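One chain, chain A, appears in both complexes that follow, with chain B as partner in the first and chain C in the second.
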Partner chain A sequence: MKFIVFLKMVPDVIEELKIADDGKTLDSNWIRMKLSECDENAVEEAVILKEKFGGTVTAVALDAPELDDALFNALAKGADKAVKIVGEWKDVRSPAIAEIFAKYLRDNYPIDNQTLILSGSQSIDDIEGELVYYLGELLNLPAFGVITHVDYDAGQNRISLVKEFAGGLRGEFESEVPAVIGIQAAEKPPRYIPIAKIRAIMKSASIEEVEIPLDGIPSGAVIDKLFEPETSGKAEMLEGSTDEIIEKLIGIFSDKGII
Partner chain B sequence: MNNGIMVLVEHLKDAIADITFEMLGIGRKIADSLNVPLFAVVIGKDINKHLPELGIADSILVVEDEKLEMSCPVTIADIIKSIFDNKGLSIVILGCTNTTAGVGPILSSKLKLPFLNFCKNMRIEGDSLIITNQLFGGKILSDVKLEGKRGIISINPGSFPADAGKASKVAPVEEIDLSGIGIKNYFKKYIEPEAGDVDITKESILISIGRGIENADNIGLAEDLVGLIGGAISASRPVIDQGWLPLNRQVGKSGMTVKPKLYFALGISGAPEHVEGMKDSELIVAINKDPAAPIFNVAHYGVCGDLLEIMPVLTDKLKEKKS
Partner chain C sequence: MIVELDAIRGVTLDTIYDSSEGTLIQTCIQCGTCAGACPYGEYMDYPPRRIIKMLQHGLIDKVFNTDSMLKCVNCYACMMKCPREIHLTEVLLQLVKEQTVIKLPVVPPELQKALENNYRYGNPMGESGRKRANWVQTSTVPIRILSQNPEPVDVLWFVESYPAYHPRGQDTCRAIAKILSALDVDFAILGNEEKSAGECGLLSWESGLAEALVDYNMAILSKYKFNRIITSDPHALDAFNFRYKMYGFKPNVTHIVPFVMQYLDKLKPMLRKTLGYSVTYHDSCCLGRHNNYYEEPRTLLKSIQGVKLIEMVHNRINSICCGGGGGGMWLDTYFKSQNMERLSDIRIREAIDTGADVLAVVCPYEIPRFEDALKVAGYDKKMAVKDIMELVCEAMED
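Now for the complex of A and B:
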């Protein structure tokens, strides 16, 4: 099997997010980028599938700050090849990213009936929706999202997928290969890779760079402004020393008849 | 052309999802201000029983077929495209849920219209429809103008009042002919949730843990509190994905919707996917290190601090009081 995983860096929301002076973008000086969480699960699932069914894993991502670390991490986990896509495009979102990845595939990675395309099911900046479905449309392949389990029947060359709905209800789907799969959570939590192993990979492996030109990349929806949510009338913050806070908490629980 | 707005009625197994009424409510409001009709579109099998609940629409369009039990997004998008073109619609409203995921991007590709996700609010301003979206786990909002008031929008559950989408009226029903639309079917079967030891939807106290609990050993801090005040432990997605708690303890989009007397959120940031599952709890108290955590926008009381320091002291104090 040939597993290709498309990855994206997103701002780490654990950090403070500041809006830039243009009022329309995040201030890049304040942002720490990290691999989108579902994408991290997509890498893990691709490596799990390779271990189970054999094949190769290629990790492909758009150029972004901190990306090299994420790609070396994918190599250390078991990916066979890492590709960084560079180009003139800026602030691209799912429809444009799908176009860039589809162009990459057309010129560099022929899709056949042994190819499975994986990516994260969603990301925190998917203002125009999820990548996997745009990619499915461009490649004319079936696309599935919110997937938490993938199985492969080599005899039939078919995959079986588990998708999450709501309230713990899930559904089983079956598809031919090739297909595009949006991973919500890998079968197991993403494996931890010791830093020494990543350093070793950085010495022995390299990241391939591929340029995709700007032509034909859709510009996407125009953001008028970004702003922070209003916080008025929301949580009453309990302040003071730890002991004082705890007295207040116990007071609230007691008033509300909890204790 | 600006001949109408459609809402894709969301139903899962035998029930209409609440998000349907949120969509119908805001759809009604926008349709009235633009003076265009509102269509409720129902796609599936055995769906006639749902029709009496959709009276707030001007017209109900029914697409029924055995093969449409759990249609793939491509098939739903093909059906909507056909309706959109035939009726000359301008706006499609979808739910931002796992059930409908994929319909928006595919429809956007087919109709060459913008799709906007995570919508929390929408309003008309001059010749534009302004959509407010929740981004970055609810930490930042964005306004996007839909020029010509045309586009596809998916709404975050809990953004609009569901009551505004309910009416005792009866709306005319039109059956849509499926010929010409190829139905692709990948669905095999539902997998029911495994019955666990605890049903968190029935607990009156939930001590709910998130990423801030840091590792599985610290779950003991929440267990100690449950031992003292009762209730059960629930969690947000990262804790479940780590395998620290079973799936039946998950609160939020893929998990359960809970309304306990007390929801004590420990180290949960409050991303929209989580908030939709707990926002109607009677009392929400949150502890989080991050003063900008969106959980403080839904909590009644908040503590900005380290739960790993606060929890042991809290349980000690409660033990003292008990003895």
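Now for the complex of A and C:
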């Protein structure tokens, strides 16, 4: 099997986020980027699948600050190849990201009936998990999101999947290969890699760079305004003795027309 | 007793017998003192004595496949009691621990998170590195941050993560700042540039993480001119005294307690307030057993008016670990899952038995660990946990 995992970096919310002067983007001097948590799970799932069924894992990611660390980490976990997609696009959202990933595949990675495409589902900038569906549509492949379990039947060359729905429901799906799968959680939490191993990989491994030109990349949704949550109402603390508080409460209730 | 750093540089389990440490290990008489001294020895498939035997028989690989070394809290009890003076905690157990973490099928999640956080953010709690010096704004005395004012300074205060981020650690920091200022010490901190010193990376068997942190801090420290380093964290003291020295960085480092003791004559007249506490003192493993500072904290406590010092049953070299070392700080849930009692819960019962009002400590791990243990014991209204520096500062108030 050939497992290809598409990854992207998202703002690290451990750091305080600041809105840039244009009022539409995050201040890039202030933010740090990290691999989206569901993408970390997608890497883990790809490596688990490789360990179970054999094959290779290729991690492909959109260029961003601190991306190299994330890619070396993926290599240390068991990915065979790491690719950084560079280009002049900026601040792209899921429809455009899907377009970039699809373009990469068309030019660099022949899809056959042994190819499984994975990505994280519902990262903080892909809250509906739309990325994998856009990608499936562009590649004309079946796509599944919010997947928590993947199994492969080599004889039939089919995969079976478990998808989580709201309200604690689960659905089981079967599909042919190739397919696009959005991972919400890997079978096991992402494994720990000793830092010595990551540092050794940094010295020995290399990251391939592929440029995807700007032409034909749709901008997708455009952000008009970015703003911090606004307070709509406030809680009022009533102070005083019990009788005084009761008095104040009655006043409030009658003002509001409740009594 | 402390190992010669040159003798163990680059030593691995495969080459250990070619070193002087290997020669020492071969003299082991299998007396079992180490296993008996170990606070978690009864829970280990392979306590230190058996580890030595397995090494001698070429069966050390078997030890890696158990969680024995996950249960080692690096308290130095085995090492200090060994009649052959084998450097168990410093050398052999560390090498075995390193292999254990590489072979563990699953690293306990709490520990994994702490190690990953240390690598990415430079602190185990996963706080933003940009907030490391935020506590400075709450100090009542000015604190110089070197990146803002890089002039040479006499004393560089390496704050460390728990003091910098934990609310109770910050209480200790404010107290230290006040004391240093009152003593007219020319001091400064690294502020947001500082990251964990790396001792707990090393002693929770993550030599790669320790190396990354050591490399980073050495580069930062080399930017500034200072005469000496102080720290309130005995684990950072250990990191500087052992790991950094092995990498060729040999600063003059002191823990805040022996440092303040150098100024005792000047300090004493400032301790005007009578506290009226009975106090019991918990010997930190790193400061006590490993660095031999047993009397300095006690002398400092006795210098405070109205402090009556009561010893716990186990004190000085026999002190029982709080359970926070060697990665234990992030293994409480794992230990619980193995039906092991937290060492802080065991130790706090000894503190309670003294009837003291205050448990005095000198390590930033100990405040949260013992405050939790007091709550578990239902004794948190009757006893307070305080860093010695907090007590000194309290006595300085008018």
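Here is the rule we use: the second predicted complex is superposed on the first by the 227 of 259 C-alpha atoms of A that agree within 3 Å, B and C clash if a C-alpha of one lies under 4 Å from a C-alpha of the other, contacts with A are read in each partner's own complex, and residues count from 1 in each chain.
The rule is short, and it goes like this: a contact is a pair of C-beta atoms (placed from the backbone, for glycine too) under 8 Å apart; a residue touches a chain by one contact, two chains touch by 3 or more.
Model, not experiment: these values are computed from the prediction.
Engineer: Counting only touches as set out at the top, which of chain B and chain C does A:R170 meet: first, second, both, neither?
Structural biologist: First partner only, chain B.
Engineer: A:L214 in the overlay: touching chain B, chain C, both, or neither? Say first, second, both or neither.
Structural biologist: neither
Engineer: Give the label of whichever partner, chain B or chain C, reaches more residues of chain A.
Structural biologist: Result: the larger residue contact count on chain A belongs to B.
Engineer: Tell me the contact category for A:E16 with respect to chain B and chain C: first, second, both or neither.
Structural biologist: After superposition on chain A, A:E16 lies in contact with both partners, chain B and chain C.
Engineer: Is A:I195 in contact with chain B, with chain C, with both, or with neither (first, second, both, neither)?
Structural biologist: Only chain C; A:I195 stays clear of chain B.
Engineer: Could you pull out which residues of chain A sit against chain B in one structure and against chain C in the other?
Structural biologist: Looking at chain A, the two contact sets intersect at 14, 16, 188-189.
Engineer: Please give the residue numbers of chain A that touch chain B in the complex, ascending.
Structural biologist: It comes out as residues 10-11, 13-14, 16-17, 19, 26, 41, 94-95, 121-122, 124-130, 132-134, 136-138, 142-146, 160, 162-175, 184-185, 188-189, 220-229, 231, 234-238, 242-243, 245-247, 249-250, 252-253, 256-259.
Engineer: Show which residues of chain B lie in contact with chain A when the two form their complex.
Structural biologist: 12-13, 17, 70, 72-74, 97-99, 101-102, 104-106, 108-110, 114-118, 130, 133-145, 154, 184, 186-194, 205, 228-229, 237, 241-243, 247-248, 250, 253-257, 261-262, 269, 271, 282-286, 290, 292, 294-305, 309-310, 313-314, 317-318, 321
Engineer: Along chain C, where are the residues that touch chain A in the complex?
Structural biologist: Within the complex, chain C touches chain A at residues 101-102, 106-107, 109, 112, 115-116, 119-121, 126-128, 130, 201, 206-209, 211-212.
Engineer: Tell me, which parts of chain A touch chain C in their complex?
Structural biologist: Residues 14-16, 34, 188-189, 191-192, 194-199.
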